[in-house]
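Shared between the two complexes below is subunit A, which pairs with subunit B and subunit C, respectively.
The block that comes next holds the complex of A and B.
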């Protein structure tokens, strides 16, 4: 009797898990469709009725990689993501330490203003920056783009790091100082190791945000500073017809890194998607 | 000779150490001075000044001018004319109204669906392959909006789109989802809901995780009915995180620009023009920088209002937690 109920419960559990898996797959389906499209030949892609099963080809991906601008744009995606995030994290960490430990006047106001900036529609931010860059001659320059993206990453990094730093007791600082450690020693050797999760979360999610960014790059960037999203967007709109094989294979290549990132760093997802204002794991 | 050489070297070395000594102590003095907090904040202040304050002043300034980027005419001071025209423009009010509808529909639907999915995934802690399943579920929200906007055009395509194939099988008609005046807006809402339901699921899971285990066990022992359990046990603890999630979503929905621009460019007509899209088109298709700046100022004010509400809720939660 009890054994039977136990197996019934087990069956219920299995059905429950299958439902969960189906829900997850359902959400992934549109993405899967594009991934499949990347492996379809041109005729297969626009075939009616659409096919889920077909003989895959690697021609599209090979073709996308061999397009003239591909590697250059791809490289810039990496350079800007990593460069901007590195600058932003250093700048934000120093400021977060100061805000968290010394609480200078205006800390809360500064935190508020920086967060507000990230809450404005991108198009509204880009209008004045575009005019300013035009006047300074920073349009289409490497440093203009890189530093802009650094600023783009700073608010989020600051919020997340200040949250983590507030969680580290001041006792650590005091103990280290009393024992003759310098402030720099305290900051980098005592406090920094304790906020590693915050650093990782800020880095990963800012990397994804810059990686995905389009509008700023499209308007402020130019030759030598263009990233893949611009290629995706202009690939669609140039001329009348759309080269779907190219779009699909480019999307596949470009969307994989963020997906792998949230698989590897899933426990930071909550912190990352809420500007560090909600902590915990899912 | 060689001995002498090393001797000189060692003397020089000693000098070098002496020379660095005062520099080190100067650094120590700086560390202990009252200026140190300011030194740490200096880099961020420079960034803030150059990339926020200057553009902001620029924006405010230009919003009082008639300034077209492509025309040879010099900019002309017109006071509040740009704002007055926006105030009187039924098109702009229409855009604001449409953005509001978009926000309410997309956030509302994503919230309801997200909460349901969150409750569904509540008991999944020991599911085999949970990490992979959650990755698949959460994927939509970390994709580049450009890529999403682009590939949904493929899915929505009236002649070979996969969605039309199934719609055709069911209703016998084909739809031009993005070209139809009635459908285009809802097609966008659907994509936005698809993209952001996982986020609300994430927030729901976080909210559920914030409920103390002891209280859930007490409810279990008392055999409290399911709905009452949610209402009296889960909601009082989870509502803050949920509230923060809804607010963040609302702000994000207000920001939506590139997704819409890639899918419909605001068309057909202006049926899918949201605040961000209108702003972009004013600034970078019509090059009416004065007008675009005025719009940007309005968007900025709305964003600041949203942020204030968000932080109010956040602080309220934190003070409550501290009091407890």
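The block that comes next holds the complex of A and C.
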């Protein structure tokens, strides 16, 4: 009886995992396609049914790397991702501390407003941002682009960090204060070490966002501020037809850093996706 | 009012949260070197008062004078008071050792000078073997002891301990009570200590301040407050088991005052003529240990009354006996070393009239019983 129920449960588990794997594979197929396509020659790439066994070539990757400005664009991807996120995390952490501890009037409304920037589709804010940047003379400038991404990363980081800071009892602050600690001591030596997972979660989430951002980089950026996604989009049509080999090989190169980052920090990603409400084991 | 050695004074402190008043017109003076226990029932506002002293809350009214200066607006960081908060607030990201050393590190004490202080505090609180651990590896009682160690590690002249022994097991409490008392005496520091445990308050204190009904109703030595309380709240709150209270009526007979209760009558000696016609109905307070179970015959001058035993609660060395005397509920304590044998169901209680304290309806003491024929 018990044994039977045990084997039933085992069967249920097996079906459960089969479905899980099927879904995972379905979602992973495009990535696999890109991976394989990056090493196929142009003719093999478009053949139907797809060829699974082929002699891989590095020509596509060599071609992508040798496109004009590739390294420059690649560098800017790193500079903007890391730079903007660094600025955003510092600003968001200090803001989150203020919101969490001093609770200025209208805190909840302000928190909502901040997030609403991220609720509207990017295309909706393109025009106002473009005009604003024109007025500032910030179009096609490095600092303009950097600050734009920082601005775009702040609301989300703020939400995550406020969640974490609210979880750090204000009694910790008080203990530091009564022992003669300054406010800066409280912020950086008492509170900061306790919200490190929140900092990592906010950083990794926004790194991925900036890394993959195309629209604003395309419209606001220019020479010296362009990142890889723009190269990916603009390089497609060379020679009159869609250059799939180029897309596949460049995508593969560009995917690697975030894949490594996600692999290293995957548990923090969940924290980010749930605004810090699901902490898991971080 | 202010003595030469006054180190701390609360003057007319008031605090409310929203529409709820927590403290009203709190006045309290603390002498240098005192072990002052602020005693009050849970949620009486003891913690709020300590937080106001620490500078973590701002009073709505009143001032705090610290070391001879108005410190009401002085930031917490500059008040230089050792603090054991009710919530331990141990830093989870540093070791127990570093938690205890934390006040010293902030004060700029060198590691070499700090080490013996940390070790001594840890030894006293029996946590020397825990120094390398992180707070989340400790039990509740251990955390509490680390918090106390951190509070007393600070080198200063005033320490605030906000109910530091709450919830600790009995043996450890007793031992820590002794240790804290010894520490305070050897440092000659001023300790402010809050508790809702009457016995702890009476054991530890040089002076006890009773916080009830949002204010300090009375302050004095434990003996004063226990034997001769000036306020009914003091008598009601301070003591275990709780004091008995009987309704009484004051009447004048043959030129002297008599108080009549449902159980007995007794002669009253008014305090400075405080009893007048306006105090006709009063409350009579009586400590449980003042009620004796009369053996055969009667003691001289004692008041006697019949009573029925309702319930006996054995506490080991003594027993709390719940009595019904003519419809009035009374409690008495019987010590096993003074009373032999079993307590019968129907007994006669005997009490010394001087143990009876008479309170006016407003809670102020107005008189005391006197032996029969002594008016």
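By definition in this document, the second predicted complex is superposed on the first by the 245 of 282 C-alpha atoms of A that agree within 3 Å, B and C clash if a C-alpha of one lies under 4 Å from a C-alpha of the other, contacts with A are read in each partner's own complex, and residues count from 1 in each chain.
In this text, a residue touches a chain if its C-beta (ideal position, glycine included) is under 8 Å from a C-beta of that chain, and two chains touch if they have at least 3 such contacts.
Because the structure is predicted, anything quoted here is derived from the model rather than measured.
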Subunit A as common anchor, with subunit B and subunit C clashing or fitting: fit
Touched partner set for A:121, first subunit B, second subunit C, both or neither: first
First (subunit B), second (subunit C), both or neither touched by A:194: second
Partner chain(s) touched by A:156 [first = subunit B, second = subunit C, both, neither]: neither
Contacts of A:80 with subunit B and subunit C, given as first, second, both or neither: neither
Which of subunit B and subunit C A:17 touches, first, second, both or neither: first
Superposition-derived comparison: subunit B or subunit C, residues of subunit A touched: B
Partner chain in contact with A:215 - subunit B first, subunit C second, else both or neither: first
Which superposed partner A:182 touches (first subunit B, second subunit C, both, neither): both
Subunit B versus subunit C as contact partner of A:246, first or second or both or neither: neither
Shortest span in Å between Cα atoms of subunit B and of subunit C, once chain A is used as the common reference: 7
Where subunit A meets both subunit C and subunit B, residue numbers: 182
For the subunit B and subunit A complex, residues of the former touching the latter: 28, 31-32, 36-38, 40-41, 43-44, 47-48, 50-52, 54-56, 58-59, 62, 117, 120-121, 123-124, 127-129, 131-147, 150-155, 159-160, 162, 165, 194, 197-199, 202-203, 205-206, 209-210, 241, 244-245, 248, 251, 254-258, 262, 275-277, 279-280, 283-284, 289, 292-293, 295-296, 299-300, 303-304, 306-308, 310-311, 314
Contacting residues of subunit A [partner subunit C, same complex]: 169, 171-172, 174-182, 185, 190, 193-194
Complex contacts: residues of subunit A adjacent to subunit B: 16-17, 19-21, 23-25, 27-28, 30-31, 33-34, 37, 45-50, 90-92, 94-95, 97-99, 101-102, 104, 110, 112-117, 119-132, 147-148, 150-151, 154, 158, 182-184, 208, 211-215, 219, 229, 232-233, 236, 242, 244, 247-248, 251, 254-255, 258-259, 261-263, 266, 269-270, 273-275, 277-278, 280-282
Residues on subunit C engaged by subunit A in the complex (per definition of touch): 54-56, 75-81, 83, 85, 87, 89, 91-93, 102-103, 106-107, 154
